[in-house]
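Below, each structure is written out as structure tokens.
Heads up, the next two complexes both have chain A, just with different partners, chain B and then chain C.
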Partner chain A sequence: MTDILNAFVLLSNFVLIPGLAYGSQLALGALGVTLIYAVLRFSNFAHGDLMAFGAMCTILVTWGFQAIGITAGPLPTALLALPFGIMGAIALSLVFDRTVYRFYRARRAPPVVFVIASVGVMFMINGIVRVIIGPGDQRFADGERFVVRARDFKEWAELSEGLTIRTTQAITVIVAIVVVIALFRFLNHSRMGKAMRAYSDNEDLALLSGINPDKVVFYTWVIAAALATIAGTLYGLDKSFKPFTYFQLLLPIFASAIVGGIGNPVGAIAGGFVIAFSEVTVTYAYKKFLGYLAPGGMAPDGLVQLLSTDYKFAVSFVILVLVLLIRPTGLFRGKVI
Partner chain B sequence: MIRNILLFAAMGLALILVAMFQSVTVALAILNLGLISAVMALGVNIQWGYAGIFNVGIMGFAALGGVSAVLVSVAPVPEAWAAGGSKMALAALVLVVTIGAVIGLRRMLTGRVRSFATLLAVVLGYFLVRSFYDPAVDAIEAVDPAKSGFLGGLGLPIIFSWLVGGVVAAGAAWVIGKIALGLRSDYLAIATLGISEIVLAVLKNEDWLARGVKNVSGLPRPVPQEIVLQEATWFLDLAARLGLDPVTFSSQFVRLAYTILFAIVLAIVFWLSNRALNSPWGRMMRAIRDNRDAAEAMGKDVTRRHLQVFVLGSAVVGIAGAMLVTYDGQFTPGSYNPLRFTFLIWVMVIVGGSGNNAGAVLGGFLIWFLWIEAEPAGRLLMTVLTAGLADDSGLKAHLLDAAPHLRLFLMGLILLLVLRFAPKGLIPEVSGRSG
Partner chain C sequence: MSFLIGENMTGGYGAADILHDCTIAVEKGEIAVIVGPNGAGKSTAMKAVFGMLNLRQGMVRLDGQDITSLSPQDRVAAGMGFVPQTANVFTSMTVRENLEMGAYLRTDDFSDTIETVLGLFPILAEKAAQPAGELSGGQRQQVAVGRALMTKPSVLMLDEPTAGVSPIVMDELFDKILEVAATGIAILMVEQNAKQALNIADKGYVLVQGRNRFTDTGQALLADPDVRKSFLGG
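== the complex of A and B ==
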């Protein structure tokens, strides 16, 4: 019995909890991508860099707070700074919408032109982030590091494996749940949320019924920028902040949005967890886990790792391709591009 | 026409100014990489400009070309072949048999039995391959790991690798195109982005193939070494007659030799792709790009044509990738970055003029020039901006450090400005009859 418990604790430490945290981050990122796609009808390649920009603003404000002695007690100070980061990202998104995307929207340019424009925006935001904070690693997590410590857990449960839950992981999951509930309440119950869904469903019909398109676009950017900042900050807290990693997050985020069904918010969340858990489970080395479960002397010799961690991109990609081939609308019937 | 000549002349003048005010070596370096960039941009232009295929996996094809340069030119490592060559060959054989079995099963069976049999074959094949592959990798990588630890290449002259690089990239493009080309633009973009990341992941981690992130340096060169030149009497005579320092002249001479080689490749690729563009085939491609449904109604096999053009464009990118590694003299998978190897090439094509080969070439030169020269310009700008700050101020040091990253910002700005105010690029596409 203890062996089974030990194996379960081990699996929670390295697969379940990290997968939940990573899945929440991906889900928040994919929600932003999917909203932009649903309302503005293009794949926003600048989303990863928008996440980096929002996280950077949060980090700068966090450092300011830390310097003047404001902290959030056991929680990371970054949570206090998050609203400021969100405002920064919203301002940047709106500036780019005014100067870049609005022109093409007015001309009803084909989606691929928007995508190329978003590549230009991606370059610019990337440059801005690197100029302001530099290309290196930044750590900004503070406060209590663990919710559950391995040693305390071992003593309490009398197991040889200790369960660890880091504060950042717990916060990521809690914040993600709160944000998703708030977003769905907004989309389903508020006047603006309904207008956004109507606009996404049928633009002409929405215009005909008196919905103001500028307002819809404005709110879409506000929400997408807020989601991007929250996702970026949580990812930075959980791992670390480095501009280039955010650019690389683009692929799993897109994979999540498409796997779930692009343009569909529920799908984005499901897709985020599907991608996160497949990455974690396929790249985890099961040697120790099987060692607990296998009867005496039958423990495996190798690492029992299906793929080395360096191939985690391949996992999200293979899932993406399978979904595109078998069910191009995604798990939750999004739009077909 | 006059406008185009003026644009290219201005580009040449800019390079001459660099040669005068910075140094001849810098100007030649920009010229050489500009030539390579131009070839790469031609490859992207074939896909995007002719056929409207939105491929953002350029980096992957360039890296495949690069690894071909290693596999063609490096001498084979007999110890590694003895240690693990046969096992690796067996692993490859089992892999081929597995793939064959999966394809065969899918042809022969139907329904639920088919899915089950496929799954079983895949799982069984995976463990079988791993059982041969893992020991082979360990054996190969254990051979003198500090210096070699890989199978080595064929030991042929590196110039062949340019062709091989093209063929390898074309082969990869065929497989990828078969899977991904049915997708419409956005999905295709994301699929190719993912594939290029996977190609890089493989090249970084499969040390037995090309040493992964341990890099292969000191590749053989298609042109003489500087040291050899400095000892050759004919070269010393030439330097004396021109009144130049033999040491600096030798490095310029080597770069110039590369310039000639690259210019020949660019000329051939340019000539071929222009011929293709102005042939019935090129007109068909543009017809498919402009109105896919109409072209399909006229009986054109759109998917097949797309596959064809995807393979051709990727082959050109592969050639450029092999040229780049040849010029660097080393293969460093860690240095491939999608901003530099995918999106920068895209900026070249859009700025130069998509659909026009001369435009792509000009874009290749111009954007590469700006990419390089933005660094000193950014530093100059920052020095001027921070002139009022004290020398020991942290802000000044930070801003001076950050100057090189301004070029990313600049590239984005250029792309957006061109897309908005000159969406057809500097040298617009010539439409069929008026040209």
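== the complex of A and C ==
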């Protein structure tokens, strides 16, 4: 019995909890991508770097708060700085919408033009972030480090494995739940949220109904930028902030959005967790886990790791290709790219 | 002076004109039907009245006001409702949300209008919480008409409301359209099913190559041997 419990604790430490946290981050990122796709009808390649920019703004304000002694007690100061980071990302998104995307919208340019334009925007944000904060690793997490410490848990449960839940992981999951509930309430019950869905569903009929497209576009950027900043900051708190990793995150985020069905918010969340858990389960070494479960002497000698962690991005890529081949609309019947 | 009139309309989408000196008019509480062979410019005439194409000549007047320069959106605000032929509902949204979107321009409380529309289309009241995309073709058309009624328009324009529905559903839809007209709304519609449409029409317009060929009451057109021979199949 204790062996099974030990195995379970081990699995939650290295698969379940990290998967939940990473899945929440991907889900928030994919929600932003899927919203832009649904309303503005293009795949926004700049979303990863928008996450980096929002997180950077949050970090700068966090450092400011830390310098003048404002903290959130046991919680990371970054949570207090988050609204300022969101405002920074919204401002940047609206500037790029005015200067780049609006021009193509007025010409009713095909989606591929928007995609390429967004690649350009991506490189620009990329550069801006590196100029301001530098390409290196930044740490900005403070406050209490653990919600559940391994040693305390071991003493309490009298197991040889200790359960660890880091504060950042708990915050990530809680914030993601709150944000998703708020987003769905907005989309399903507010006048503007319904207008956004209507515009996404049938642009001509929305115009015919008197829905103002400029307002819809404005709110879409505001929400996408807010989601990007929250996702970026949570990821930065959980791991660390490095501009390049946000560029790399673009692949799992797009994979999440497409696996779930792009344009479908529920799909983005489901896709985020599918991708996150696939990455974590495939790259985890099961040696110790099986050691607890296998009957005496049958414990495996090897690491029992399907893929080295270096290949974790390949996992989302393979899933992405499989979904596009077998079920292009994704799990929740989104649009086909 | 007709309530809504598109007078001597000439124009098209590009350089070539599709409509030539075409006139379409409808009175309050009456049904006017535009019929004619394929490519006669029926839908184009309707779109011209709704401001979806540029007129080189002619004008459109609603209740005596010249609305020729208004955009389609402004015409909705001015009291015109338009039901496109295809993609005329928000498929991913519920029936009730479709109606709410129809009332988007309204800032007053429109719950009584929703009740009126659901009263007119009882099947929609049953399916109010269902996505419009899951409904049958005839039910969808009812949602589309209901959406257009949400602004309490004085004119309702329907582009082939019975396209692709079964004959039974078509009769039902025509009954509903008669009910809507009875509330005092002017109805202008384009129809493929010329005989049935002229049957309920107060006024019929037979267009050929963008020109008015015959204009008379629905019954008179049905009785006219020329119209019967050339357009109604004898």
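In this text, the second predicted complex is superposed on the first by the 337 of 337 C-alpha atoms of A that agree within 3 Å, B and C clash if a C-alpha of one lies under 4 Å from a C-alpha of the other, contacts with A are read in each partner's own complex, and residues count from 1 in each chain.
Rule of thumb we're sticking to: contacts are C-beta pairs under 8 Å (C-beta built on N, C-alpha and C of every residue); 3 or more make two chains touch, one makes a residue touch a chain.
It should be emphasised that the depicted structure is a prediction, and the values quoted were computed from it without experimental measurement.
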(request) Mind working out whether A:Asn202 is in touch with chain B, chain C, both or neither, as first, second, both or neither? (result) second
(message) Looking at A:Lys194, would you say it contacts chain B, chain C, both, or neither? Reply first, second, both or neither.
(response) second
(request) Check the residue A:Pro74 against both partner chains and state whether it touches chain B (first), chain C (second), both, or neither. (result) neither
(message) Looking at A:Phe313, would you say it contacts chain B, chain C, both, or neither? Reply first, second, both or neither.
(response) first
(request) Identify the partner contact of A:Gly64: answer first if only chain B is touched, second if only chain C is, both if each is, neither if none is. (result) neither
(message) By residue count, which of the two partners contacts chain A more extensively, chain B or chain C?
(response) B
(message) According to the stated criteria, A:Gly136 is in contact with first (chain B), second (chain C), both, or neither; which is it?
(response) neither
(message) Quick check for you: in the superposed arrangement, does A:Gly127 touch first (chain B), second (chain C), both or neither?
(response) first
(request) Indicate the residue numbers of chain A shared between its chain B interface and its chain C interface, in ascending order. (result) none
(message) Under the stated contact criterion, what part of chain A meets chain C in this complex?
(response) 191, 194-195, 197-198, 200-202, 204-211
(request) Spell out the part of chain A that touches chain B in their complex, as residue ranges. (result) 42-43, 45, 100, 103, 111-113, 115-117, 119-128, 130-132, 134-135, 244, 247-248, 250-251, 254-255, 258, 302, 308, 310-311, 313-314, 316-317, 320-321, 324-325, 328, 336-337
(message) Going by the contact rule set out above, which residues of chain C touch chain A in the complex?
(response) 72-73, 76-77, 82, 84, 87-93, 97, 100-102, 104-105, 147, 151
(request) Write out the stretch or stretches of chain B touching chain A in their complex. (result) 52, 54, 134, 179-180, 183-187, 189-191, 193-195, 197-198, 201, 204-205, 337-339, 343, 346-347, 350, 398-399, 401-402, 405-413, 415-416, 419-420, 423
